[in-house]
Amino acid sequence: MKICFYPGCSFATSAGYKESTEAVCRKLNIELNEIPDWNCCGATVMFGENKLRATTLAARHFALVQTMGFEDLVTGCNACYATLRKAARLLDRDRELFQKTQEVLHNLGLELDRIPKVRHLLEVLMEAMPDSTSDKYKTLSVGAYYGCQLTRPDQELDKGWYPEILEHFLARIGFSVKEHSARTQCCGASHAVIYKNECQGLSHRIIREIANKGAQVITTVCPLCQFNLDQAQTQNNEPRLPVTYFTQLAGLALGLAPAELGLNKLLVSADKVLTRP
Amino acid sequence: MTTQNKPKIGVYICHCGMNIAPKVDVEEVARYIQELDHVTVARDYKFMCSNPGQDMIINDIKELGLNRVVVASCSPRMHEKTFRNAVRTAGLNPYYFQMANIREQVSWVTKDSQEATEKAKSMVAAAVARVFFHQPLDTREVTVAKSVLVIGGGIAGMQAALTSANAGYQVSLVEREPSIGGHMAKFDKTFPTLDCAACIMTPKMVDVLQHPGITLYTWSEVEKVEGFIGNFEVTVKKKPRYVDEKKCTGCGTCMQKCPTKKILSEFNEGLSFRTAIYTPFPQAVPNVPVIDATHCRVLGQNKKCGVCAKFCETKAIDFDQKPEFVTLKIGAIITATGFQAVNPTSLEQYGYGRFPEVYTSMEFERLNNATGPTSGKVLMKNGMVPKRVAIIHCVGSRDTRHKKYCSRVCCMYSMKFAHLLREKTGAEVWEFYIDIRSPGKLYEEFYNRVQEEGVRFIRGRVAEITDMVEDPGDEGRLTVIAESTLTRRTVRVPVDMVVLSVGLEPARGSEDIGRLLGLSRDGDGWFNELHAKLAPLATPINGIFLAGCCQGPKDIPDTVAQAMGAAGEAIALLAKGIVTTQAEISRIDPDLCSGCKSCIESCTYSAIRFDEARKVAVVNEALCMGCGSCAAACPSSAAGVKHFTDKQVMGEIEALLM
Amino acid sequence: MSQNDTNPFSAIAHLESIKQCIQCGTCSGSCPLADLMDHAPRELFALLREGAFDEVLHSNTPWFCVSCYACMVRCPREIPVTDLMYAFKEVITKQGTAPKNLKMPDMYQAFSHNIKETGKVTESQVMARYGMKHPLDALKNIPLAIKMQMRGRLELKAQKVADPKSITRLFELTEIPKDKP
Amino acid sequence: MSVYAMVKDASPTVAVKAALTKLLSQNLVDAVLVAAKSPYSALPMPTLFAEASAMDGIDPLAPAAPFNAARQAATVSRQATGKRLALVLRPCEIRALIELVKLNQCTLENVVLIGIDCLGRMENEVFLRHASALGDVTSEFQKNTSLQDDITRTCQMCEQFEPAHADIAMSTLGMAENSVLFASGSETGEALLKELGLSPAENPAQRETVTKQLREKRAACKKEVFAETSEKINSIEKFEKMIGTCLNCYNCRQACPVCYCRECVFLTDVFAARPETLLRRAQKRGSVKLPTDTTMFHLTRLSHIAHSCVGCGQCSSVCPSNIPVADIFTTVAAQVQAAYDYVPGRDVQEPIPYLIFAEKQKSGEPK
């Protein structure tokens, strides 16, 4: 399988997302074609500054995807996913905006004719991952954390409030899944960086809920979610749950070594829970 | 009166008090019309519909020898009948009359006075052009079958049946469930008077059963409806009960002995179990069980069992029963198919189906009912009495993602729940509402009473119900999160139990019933009444009436009043004994007919048949409703509707385009 | 919306949807940071309906929107609350009426500036620029930054697109002229 | 699955004639309706043959068709007679015939439909001009591509040149010269092919390439015509200009195979204005163009047959005022038919859209 991949700004420096994604894709023969010369999608900032600019920053990639000959665009970051989809939706519905965007891109030497489908890496791996054949991780209980922007506002990939796709994924690849109610609760997102005190509670709520329901590990699908939940545990003594990426668990299920998957980069170490069984 | 006569048209322009005259220069219109060909006289008058107005027409017909009349006034819906009668009184065929609507279509909707006058002129001229082509039409009188069909055996259907039967007419009541009683049979108390539902309901159920004028068809469905007002032919399908109603004594031994016991009880909203042979509740009418064919070991699983048959002393069990079809001659039909509660599962944030202590209002009714799963004690699934309960209003109602309308009863029943909870458990009760809607006799007083009782009313639609707890002491409880909009604070209330006050939607299957009867439904699926204000119980199909929630959400007092009203409409029709068939019906010219059968396909009343010998389509005049579908479908104008002939319509259009 | 020409928000797409608001509070009840806002989201709609545009222009509410979209998927009138918050921020930014002591506009500004200069976002650089205005906040983050660096998670060098000028050009081409006061 | 047979080393006309002769002489059918030259004209006319010996002049592959023969076919199959008929028709004629079956105007009971690949037809005068120069236009036309450019404008935009729904389809497209492929389209067709004793064959691979190319070419032309026509009729004023030279001769109606009314409403006095009305209108507006119902006539016909229009182009061919009637009809028909996802002549069982009530129509959603 070949996919057109948009990493986003946080991918490379995140706690092993890049390493594990690349390792898993190698193992599964998925060719990751990174968009050459990608830029920042604008995240949650740019739409509050200037709609046309926000749309164009995102649409620049749509033009690039087009020259690469792909129909879909895959990203592993919820914020990128939501932002690119938002731009795609606006372009699809607003003819005037579409024309203006085309114009700006044209001035930059790019042509935009069609809008690709924006997909999340989770969807891709959901299709590509084989079912588990080993019971090695059967006793490792995982809590799936989706964050806000994977299922909202579209509610297309799954239900908006209690999605199940990640639970299905984890169960299929051989982990014990703990259901909980914090799946799509807000972690504070970018506000957590500067409103630390005010947002700390949001992350703690999530961690506490997942721990309460008996999980030993949290898994996420987004660099910012991972960062917020991971760093929130560096300052207090509450249950300390390693916050992994779903690609890291997928790598383990495929028999890859933890180091290969960048698991050493977590702030809350996963060594204990992973070596115990 | 002869049609050969040269047309002599009288035109009457109404001031309609202050409705038309201030905007339209009626005298100018009369002057203009007077000059048109074939117009003998054109007059204006303050109120044409008044006695002197009508007399003016009658006198002119007699004295001036008019043979066509046009009145320009309000809508034909309002007064066409009035003026046709006047024309008839003067000895003219009433169809030599045409009305121009210069009120709704001109004076009320046109700003500029001059423009309105011009518009009125062309509309009246068009009516004159049309009436030129009018032809005399005849109506026929048909006798009416003295019987009523009531569809649905809830409180609406039962009341409609009783009222009709008390008037001396034969009533057939069809209910698809094993017992009559409907939703009301599930309730414990009723607002605002807190009458015990069973106490006021069960006597009515028995009355229905024992009334010599009522034939009860439970566990039955309407299969086919043919015919027309006064002369419907209805086929009722009696589903196999597998129990002989005549032999069964209702002793209940079969139900005690049935080994298949773990089927979720529909009547108790899945909060308890029933057996495969069952009556939905102990007071069921008729008190004859049915066998649930999917769960029965003999019928559903092809296993040896037959325990019920073994123990039945009167040998009433009959596993070989087949559906039976009964054909009824019916004069009037009352539709009372009711509602169902909205399923709140898709409102994910309320956790219904995820959290065991989140109940729907129908579940709570049963939980609270003396005949319910807990014998009327409000208990949680762990057997404990709740200490704090939240009641959430507008679940699925007033929500464009679900039902955009207000379901009308939820505020009141929510407050009834609050009262009962306070009374029975002493629990702290929190009501989360958007607006309290209590417009009914003694309703606002009931609201005040519940406030007095210490119920906490929070104005705010609940955002979320979660089992995530802030305080370890609340472990095992649910937290209700909402903005208290009056204080602008986000409140997080830990509770033991949540009741979702779900809205109402049309009953499952009402679309099918609608199709059988030819009734139209509004965007939300409720049956359309003929007129929202002036004919709320009638439907566009003559002889079919509406009662209760099938027309829209309503509470018990309104439902009962409407049921009596619908019965009154039916009785009026039956008492008169005859109906006049419509004159404006279709006719098909055999000389023009190509025999393509397009009209037959397009006729929703099955009123056209094909004459194989002549290879042409033929209209059954008794069945035709004059809708004009055939005329639209026919390319060669062989099919047309009397009084809406091509010449008449074209004449009108020609004049308008002038 | 009101036909009043002085409504600085009148050009916003779907603004007319707020006419449908029934002030039920679902949005504020769903909002994770509602407690930090001076007005509940629904109050902004009520204020706009009253014509109290100044209140909205100076409100901190849009700046605390975290884009979790909880309000938007629950609103019983299907008002696109989150999208409106973005649009409010755009108007407020253009009008320059964001509350002076608020940290979020500075953060956004630092973020946006980083994109404009390099085409990409490098967290350390955004924090550095933001820290010029809010040095305390930046200092507080140093222990965490050290931890991150130890795990190879802190990039100090700027990530860049091949031709950063093209992104700067994109910014220029999409610049909206400031409204005259 | 279709059964295939191939006849080689005979001109298509000869091969078809041999097959039809066999059908008649072996009493496999009682009569054959097929286009044939008459002693008086080179133009082939629909002709009903009961004797094989009379079939000398048949010319079903001629690029000419003064009629859409569906009308004639419907005349002979109006009622089942107990006799078995073979109808040799062009694809557009078969489609029209199927519409007429749906409209109860004829029956396919005891009818064998024989379809032929159609490369298009010429206007009559063009055909006659070529005939006087070349003699045998048919065989020249089959191989000469420049002659093939002389077909009517409507034929140039026809993508349905292969016979669907025929019991037996005879194909020349993509075949070697002097080869004809016979394919069965039904059990009846299969049985008849067996009786004819032709040598079995495979469906040649190159056929698909050739038909695909042709279809693309036709589609491009169609797109052009639709675009041009849509622009010309997108307002009532423009539409009236388009039909400005109409003489109310009703030729188009007469030539239309799916206009099936026994008596046309325009022959009745429904639309005939009263003299006083005309005078009053003239007084009011200064003048009235007569007759007044020209626009009404075309709009009525559009509304009556847009769903069933098979795009045969006969209406344009017969117009004495050279109004591109078929352009208008095919352009409008394409939109109507797309709205209802309806293809006239696709399936006898498929009801005509205005007689059914689809859920989607109710809510007014586009499909």
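Note that the chains are named A, B, C and D in the order they appear, and that numbering of residues resets to 1 at the start of each chain.
What we mean here is this: a residue touches a chain if its C-beta (ideal position, glycine included) is under 8 Å from a C-beta of that chain, and two chains touch if they have at least 3 such contacts.
Note that the structure is a prediction, hence the values are computed from the model and not measured.
Colleague: Comparing the two chain pairs, does A-C have more C-beta contacts than B-C, or is it the other way round?
Modeller: Result: the pair with more contacts is A-C.
Colleague: Between subunit A and subunit D, what distance separates the C-alpha centroids? Give it in angstrom.
Modeller: About 59 Å, centre to centre.
Colleague: So the centre of each chain is just the mean of its C-alpha atoms; given that, what is the distance between subunit C and subunit D in Å?
Modeller: 64
Colleague: Please compute the C-alpha centroid of subunit B, do the same for subunit C, then give the distance between them in whole Å.
Modeller: Comparing mean C-alpha positions, subunit C is 50 Å from subunit B.
Colleague: Roughly how far is subunit A from subunit C, centre to centre by C-alpha average, rounded to an integer in Å?
Modeller: Subunit A and subunit C have C-alpha centres separated by 22 Å.
Colleague: Could you list the positions in subunit A whose residues touch two or more of the other chains?
Modeller: Residues 160-161, 185.
Colleague: Would you pick out the residues of subunit B that each touch at least 2 other chains?
Modeller: Residues 349 of subunit B touch two or more partner chains.
Colleague: How do the chains pair up in terms of touching? List each pair.
Modeller: A-B, A-C, B-C, B-D
Colleague: With touch defined as at the start, can you tell me which subunit C residues reach subunit A in the complex?
Modeller: Residue positions touching the partner: 13, 32-33, 36, 62, 64, 66-70, 72-73, 80, 82, 85-87, 89-90, 93, 103-104, 107-108, 111-112, 114-115, 119-123, 127, 130, 134, 137, 140-141, 144, 147-148, 151-155, 159, 161-163, 166-167, 169-171, 173-176.
Colleague: Mind pulling up the subunit D residues that touch subunit B in the complex?
Modeller: Those residues of subunit D that touch subunit B are 103-105, 260-265, 268-271, 273, 276-277, 280-281, 284, 304-305, 351-352, 354-356.
Colleague: Using the touch rule from the top, collect the residues of subunit C that touch subunit B in their complex.
Modeller: Residues in contact with subunit B: 22-31, 34-35, 40, 42-43, 70, 74, 76-78.
Colleague: So in the complex, which bits of subunit A are touching subunit C?
Modeller: Counting only subunit A, the residues touching subunit C are 9-10, 12-15, 36-40, 42-53, 56-57, 60, 82, 94, 104, 107-108, 148-149, 152-153, 155, 160-161, 185-186, 188-191, 193-196, 198-199, 202, 231, 234, 264-267.
Colleague: Can you name the residues of subunit B that touch subunit D in the complex?
Modeller: Contacts found on subunit B: 37, 129, 591-598, 601-602, 633, 635-637, 646-647, 650, 654-655, 657-658.
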